[in-house]
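Across the two complexes that follow, chain A remains constant while its partner is chain B and subsequently chain C.
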Partner chain A sequence: MPLPSAYCPNYYSIDDILATQERSPSKFLLNVPKMGKLNPSEGEIDLKAGTTLELPTWLVLEICTGRQPIVMPDLPKIYKESYREILKADACATFKTRFRQLMDLADNSISDPSVQQRLDTLERRLFRDSYNARTKLNAWLIESGATIEAANMVVNHKKRKRIDVEDLIN
Partner chain B sequence: MDPDEVEYLGEKQFISIIPTFNSNTIHLISGGDVGPFRASIPVRVPLWMAINLKQQQKCKIQQPDWMEVEKLEKIKEDEKSSRTFTEMPSEHYMIEGKLILGCASDDIPRADEIRTIIKDIWDIRMSKIRSSVDTLVKNTGSYAGVDNLTIMEINSIRPILPHALDQIYRIKATRKQLRIQSQGTTTFLSNTRHSTSFNTAS
Partner chain C sequence: MYGEKGYALVKELSRCVDSLPPYNTDLVNEVANEIKLLIEQNEEDASISTDESSGGISLLSTMRIRHAAIKRNLRCFMAYHYNRIRCLRTMRWEFGSILPADIKVNLSASEIEWFSNYSRSLAKYMRSIGEEGVNLAVDLRPPKALYIEVRCLVDYGKFELNDGSVILLKKDSRHYLPRSECEELIRREFSNI
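For the complex of A and B:
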């Protein structure tokens, strides 16, 4: 059951293509004739050097390299100082921290659609896969006339009660 | 794997039954020969066959050695006090427990108690799995020992654990690649087309 995602930037990966739609602020280094409409607030025909615009990443990647770069990309907002603290400066660390919550969410099978909206695309896919697997396992555990189950007393005991999802996310 | 597939694997386990009929040896494609069956003489058969015969009322299932309240209580206590996983009496204890108690609870004394203890053991082990998976991911361990875990238990953390580890690997691999690329280029705006990193330092 391979995870159908690209493992490194991949030309054919839909996820990667969609990710390049994200905008990043970039500063123009040259005057660009006839492209004033990209910056409607100025109302001029030509785009002047020094203008800062948010351009999609796929465009920036093309025009920031080469012999004569047209724009100078800036760090996207989500990687600015203030956000770095949130990300702990590392995608890997963030993923690891959120992983426990993700696992708990998937295990405590609650059909609450709002939970999924707080996950990013990658996490949502992991969530969906593991949620399905967990549902199957639970179905297996309770199927066939005689169930193997914990005693009523144990189920009712406070410690064993289902964890509140709201607390997990916050 | 689906739990059903794991169950299928577990059904190859041999258990003891007391048949109520006579029959010659049965030659199975996998698992070898079974029988001959003589009424009220115990014989060892694969679990799936025992279940089938029981459903036709053609045998009594003898409980496996470990399926006794005292032994299971002991296992449960060991499991509780140990930090690591203890060895289970059977590679497929959950499957055997579920199938045998499901169709032959009349052959097993104190079936209800056994059912509860097995589930308790399962729950203890599941919570251990969850906390150790969490530790593994947080501490960037490069490997994890899965000694004494049964197939059903290992399967319970699929696909989330392998996929998560894949992702971590993927993020790290990209970072490594970027480092190699940036070593070859002095400035960000160099001619290399591959340089896709953003200008961070200057």
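For the complex of A and C:
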């Protein structure tokens, strides 16, 4: 099974680094000397062929290819047949309801942090983008004149500082 | 497991959007040491496998795993520094050439050096545009009026205009000023319209 080993979208991408840390069960095809510490439950110096370990994706991608593959990766649990069935049954429905909520949230621009905490990373990013688009549209509809605004980072930095000061007083 | 510390570095960055966490010298050193150690171990094994023709092949897989770990650690290491610098670059555009003190304490010595170098080249470039130079860090949309009314948000003190007159910017005072002169103050949130 040839896997692409290019960096996506680029070498420095934080998201890609975090994603490639995910583990999937892999079976060793060769004896690997001195690598026993990858499998701490055995406590041996060498790693025997046939051992199955949960290895991070970055490692699997490197060593499952070439003339002599060291490991044979299996699908991560969440992609197994049984999980796929569950997803088939419900994923679309779940996605639709969640997405509708997300649209509502972004359009009505409620600044309620507790709602944002319930979202996962992808949803949070979607929310932020649509929220920004909505605020921009509103600003444009209300007054189309160009006003000078304080830089984003400066505003956020000041907000943070205000919170720090409040903490000290309490 | 290899690469855990590098992962921790990147994870730390991913938690803060739009701000810099303190430079984690300890963790950076630990990652560097892990890379060094792996390289040493690989060199050692490489010399063994050239000596003995029989045992050489089996050590190859060990070295491949270590090499993958080296590459991974390097990637985390580079990504940590690269993404910090990117954030720092945005800060130059948004905060101007002088950083607030509480941001500065989070930087490493070489990051401060990089910032001043970047700042210098940027200023040099902006001076070179046109005859008098253009400040690219301010709002680039064309203005509708030359003068605008501003209200001070903080006690800024004396502020000298281009024509030589000095005005006192007190908190909550209102002024009618040339747009070009107070643009930068508005960007820093010292005053608003």
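Points worth noting:
As a working rule, the second predicted complex is superposed on the first by the 89 of 170 C-alpha atoms of A that agree within 3 Å, B and C clash if a C-alpha of one lies under 4 Å from a C-alpha of the other, contacts with A are read in each partner's own complex, and residues count from 1 in each chain.
As a working rule, contacts are C-beta pairs under 8 Å (C-beta built on N, C-alpha and C of every residue); 3 or more make two chains touch, one makes a residue touch a chain.
This is a predicted model, so every value here is computed, not measured.
In the superposition on chain A, contact is made by A:Leu59 with chain C only, not with chain B. Of the two partner chains placed by superposition, only chain B is touched by A:Ala106; chain C is not. Looking at the shared chain after the overlay, A:Trp140 reaches chain B, while chain C stays out of its contact range. In the superposition on chain A, contact of A:Ile70 is made with chain C only, not with chain B. Looking at the superposed arrangement, the partner reaching more residues of chain A, out of chain B and chain C, is B.
Applying the stated contact rule after C-alpha superposition, one finds that A:Ser13 touches chain C and leaves chain B untouched. Overlaid on A, the two complexes show chain B and chain C touching the same residues of chain A, namely 7, 66, 145-151, 154. Touching chain C in their complex are the following residues of chain A: 7, 11-15, 17-18, 21, 30-35, 38, 56, 58-59, 62-63, 66, 68, 70, 145-158, 160-161. Considering their complex, residues 1-3, 7, 10-11, 13-14, 18-19, 45, 58-62, 64-65, 67-69, 71-72, 75-76, 78-79, 82-83, 90-91, 93-95, 100, 102-103, 138-139, 141-144, 179, 183, 186-189, 192-193 of chain C touch chain A.
Within the complex, the chain B residues that touch chain A are 2-4, 7, 94, 97-99, 101-103, 105, 115-116, 118-120, 122-123, 130, 133-134, 137-138, 140, 155-156, 158-160, 163-164, 166-168, 170-175, 177, 189-193, 195-196, 198-200. Those residues of chain A that touch chain B in the complex are listed here as 1, 3, 5, 7-9, 24, 61, 64-67, 69, 72-76, 79, 91-92, 95-97, 99-100, 102-103, 106-107, 122, 126, 129-130, 133-134, 136-137, 139-141, 144-151, 154.
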